[in-house]
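Below you'll find the structures, each written out as structure tokens.
There are two complexes below, and they share chain A, which is joined by chain B in the first and by chain C in the second.
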Partner chain A sequence: MGPRMKVDLIILAILVISALWAVMTRSLIRSAIGLALASAVLTVIMFRLSSPFAAVFELSVCAGLISVLFLSTISLTHPMTHQEAAQHQRERYSRYFVLPYILIVIGIIFAFVQVRPELKLPPAAAQTEVRVIMWNLRQVDLIGQAIILLTGVFGVVLLLKEARKK
Partner chain B sequence: MVSLLILAPFFAAILLNVPFKALRERSAFGAALALFLGQMLLMIFPKAGLWTFPVATLDKFFHFPLRVDALSTVLLFCIGAVLTATLLLSLRAVPQDERRLNFISVLLLMQAGMNGAVVVVDLFSLYVFLEIVAVSSFILIAFDKHVHAFEAAFKYLVMSVVATALMLLSIALILLVSPDTTFSGISASLQGSPNSLLVTLAVGVFVCAAFIKSGLMPFHGWLPDAYSAAPAPVSVLLAGVVTKTVGIYTLLRIVIFVFGFTLPLKNILLAVGALSALAGALAALAQTDFKRMLAYSSISQMGYIILGLGCGTPLGALGAVFHLFNHAIFKSLLFSNSAAIESRAGIRNIQEMSGLGSRMPWTALTCAVGSLSTAGIPPLAGFWSKFIIIIALWMSGNYTYAVIAILVSLLTLAYFLYLQRNVFFGKAKDTFNKIEEAEFVILLPAIVFSAITFIVGVAFPWVWNTLLLRLPSIFGA
Partner chain C sequence: MSAEFFNLLWYAGMAAVMLLVTGFYCVLATYNLVRVLIGLEILIKAVTLLIILAGYLTGKAALTQTLVITLIVVEVVVMTVGMGVILGAYRHYGTLDARELRKLKG
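What follows is the complex of A and B.
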């Protein structure tokens, strides 16, 4: 196992953990952060797989997606009591507790079963390409992402503030 | 310099939220008004020095591939005009300083989003800016935070997410046959592509997404709820420019510049356009809520625009763009009237109103101009755009659709006469005796929009020669 492979495995582990965190955590904010982290890690993986455009697109889609998900969830939810929250947490653990084990078993199976598809991947992208793609080729998307996130922040402030006051 | 159309409102929204609360609350309205009016004036005088002046410092940091052509100019003008009206109406609808600051901040971000969607030359960038508009629309629809507003906002969001997912799917399919996502790159790739089935699927999926965003029938489920549940200024904004920008403009730009006209696409556009125009008008006839009637009327008028586009000829496209402009103006006018009546009478049910014309003469007059223009009565602006669309339909051999368009015009006249008779004519109810004309800030947008509707209609020969004949150049004719 080369150093590149080790880094890939670490990144994949972070991806799985952040995705699980997004699903399992009780707090809405932490869930959104988990989703954002998973998306960011996926972006890094795509860059490492020499698909910088796919990576930038993933970043853009997720910026919008998180705002949309966050706002829609806020609109649908009402604050839970402590008892409800605890009950909800227990139900969630009982529902999803097998999920990590399934993932581990699948990982072990793939480690032993030698799956080596004959893929002809393009050569790895140069180090400067990430910067060039982000800041030169897709700069307008980057500004768009910043605007979406800022709009999402305003949405949270506007739609949550009064609920908190109450 | 074009990049300022995106950057100026974006940075303004950030600057308005730095510390010094009292200062920013006072300056927010002025700053937003300057930006909205500035954009409107810039589009009337596109050759002003400011427009072409290169800003070296700005260009050094921001080099966006953007383009402003005749079609973008029309939309950018409408965006500036309708945002100005929205801002003025918000003075009464959102009275608290702190809430208004947040409202204005979201308006500025929406301006950045709509401007971006109109000037980008890349399909994926278009998707990003449409998302900005979707998120900010959601916030504005739910702004009053009552249960109907949240329900309408959620419906809008769900439909919008479905549409954006379809757009992403289309982009993914297009990337299989195109090396990049620029309009010119895709257009060149699609023409020579051997994968005709894949291309057809990508085009179909994208057009379907644009139909959802436009609220055309049968994808209109979210539109009447969103328009009627939103606060009055937001209804003006949604009906005036949001659905035009995210749906109709996207469709016009993509069909004319990227996909090109094919016979099946023309037939789909004509069928959906005719269905929306006819069913929207019939549904409007059955409404008793002022805003819901206007919402269904919007669906009907957007059907008209799609009928013009579906002709596949430069004259049809010209009629579509002209009707898009007219509809943005007169529908904003009618929603402003609805805001004026609601602010004074406190009701929206048409059947509970009567004789308001003597109490609110300016509202009655401007509402009559907007209604008659929507119905296509000469010499108002709406008549000319509908006339061009019907002529284009006839000349392209679509006689049935031309007859449907004329029939829809009659239906439009019927429901607007019903509205006028119930709301403004007859004897005023005793409960309306103390009602006075709406405040000046609410009346001003209505007066300006009715003046535009009247002047564009009366001065049509000048509009035709100086403005409209410039438009076909963008369609390559």
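What follows is the complex of A and C.
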């Protein structure tokens, strides 16, 4: 295993650990921070796998905007009382303690059972620029994206409008 | 397939499977509505990782980057609407616990 692969392995491990932390931690704010960390680590992986445009989107939108959305949602709700938090902690422990063991078992299986499928990669094609594919090949998808964005905007506006009326 | 590519495919695939399991477990085990969205987000991260990996291995990184950009746009809309729905439910029921949402019971 070369040094590049070792670095990749460490980054992948950090990605999985940050996602696990986001799920396992009790505080919702820490969960949101763990998710942002996972997004940032995924960005590094994207850069290393020669996808810089997607990486920039991931960093700005997933690590930035979505974290802000999570933090705003959490701050708009009331935290639990001390007693509720203690009760909740006991419940959580019984529900989540299996997850790290499942992940360790998956890691052991993948580390020791290396099946080598006869995959034949296609011959390396000439690299096309992202903007050429985006604007020439995927025009219909762009229209779909715009419609989805509008749907999201209208959905949020309707939800907030209803809340104001009440 | 060269040994380096195979190792990358194998270990990144392992990370993606771990992320998928973590996300599914979070969605299934939690009662907190915000944490359901966090689980969903982790599932989407696993899919993103696999798409980027496929683009790198097949030499079609540009095409997969446009796919990932679409995925991120859809993800943001889903998260925004989901959080709007959660806030609406919180205003109505005063809790984020999914067990307390009884009005929709069939």
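Just so we're on the same page, the second predicted complex is superposed on the first by the 100 of 166 C-alpha atoms of A that agree within 3 Å, B and C clash if a C-alpha of one lies under 4 Å from a C-alpha of the other, contacts with A are read in each partner's own complex, and residues count from 1 in each chain.
Everything below uses one rule, namely that a contact is a pair of C-beta atoms (placed from the backbone, for glycine too) under 8 Å apart; a residue touches a chain by one contact, two chains touch by 3 or more.
None of the values given here were measured: they were computed from a predicted structure.
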item: Between chain B and chain C, more extensive residue contact with chain A; value: C
item: Chain B versus chain C as contact partner of A:Ile29, first or second or both or neither; value: neither
item: Partner chain(s) touched by A:Cys62 [first = chain B, second = chain C, both, neither]; value: second
item: First, second, both or neither for A:Ser39, with chain B first and chain C second; value: second
item: Touched partner set for A:Val140, first chain B, second chain C, both or neither; value: first
item: Partner chain in contact with A:Val7 - chain B first, chain C second, else both or neither; value: neither
item: Chain B versus chain C as contact partner of A:Ile108, first or second or both or neither; value: neither
item: Touched partner set for A:Gly152, first chain B, second chain C, both or neither; value: both
item: Footprint overlap on chain A, where chain B in one structure and chain C in the other make contact; value: 57, 61, 72, 76, 138, 141, 144-145, 148, 151-152, 155, 159, 162
item: Residues of chain A that touch chain C when the two form their complex; value: 1-2, 4-5, 8-9, 12-13, 15-16, 19-20, 22-23, 28, 31-32, 35, 38-39, 42, 45-46, 49-51, 53-54, 57-58, 61-62, 65-66, 69-70, 72-74, 76-77, 95-96, 99, 102-103, 106-107, 110-111, 114, 116, 119-122, 124-125, 127-130, 132-134, 137-138, 141, 144-145, 148-149, 151-152, 155-156, 159-160, 162-163, 166
item: Chain B-facing residues of chain A, complex; value: 57, 60-61, 63-64, 67-68, 71-72, 75-76, 136, 138-141, 143-148, 150-152, 154-155, 157-159, 162
item: Chain C residues touching chain A - in the complex, by the definition given at the top; value: 1, 4-15, 17-19, 21-23, 25-26, 29-30, 32, 34-35, 37-39, 41-42, 45, 48-49, 52-53, 55-66, 68-70, 72-81, 83-88, 90-91, 96
item: Residues of chain B touching chain A in the complex; value: 6-7, 10, 13-14, 62-66, 99, 102, 105-106, 109-110, 112-113, 116, 120, 122, 124-125, 127-129, 131-132, 134-136, 138-139, 142-143, 145, 150, 153-154, 157-158, 160-161, 164, 168
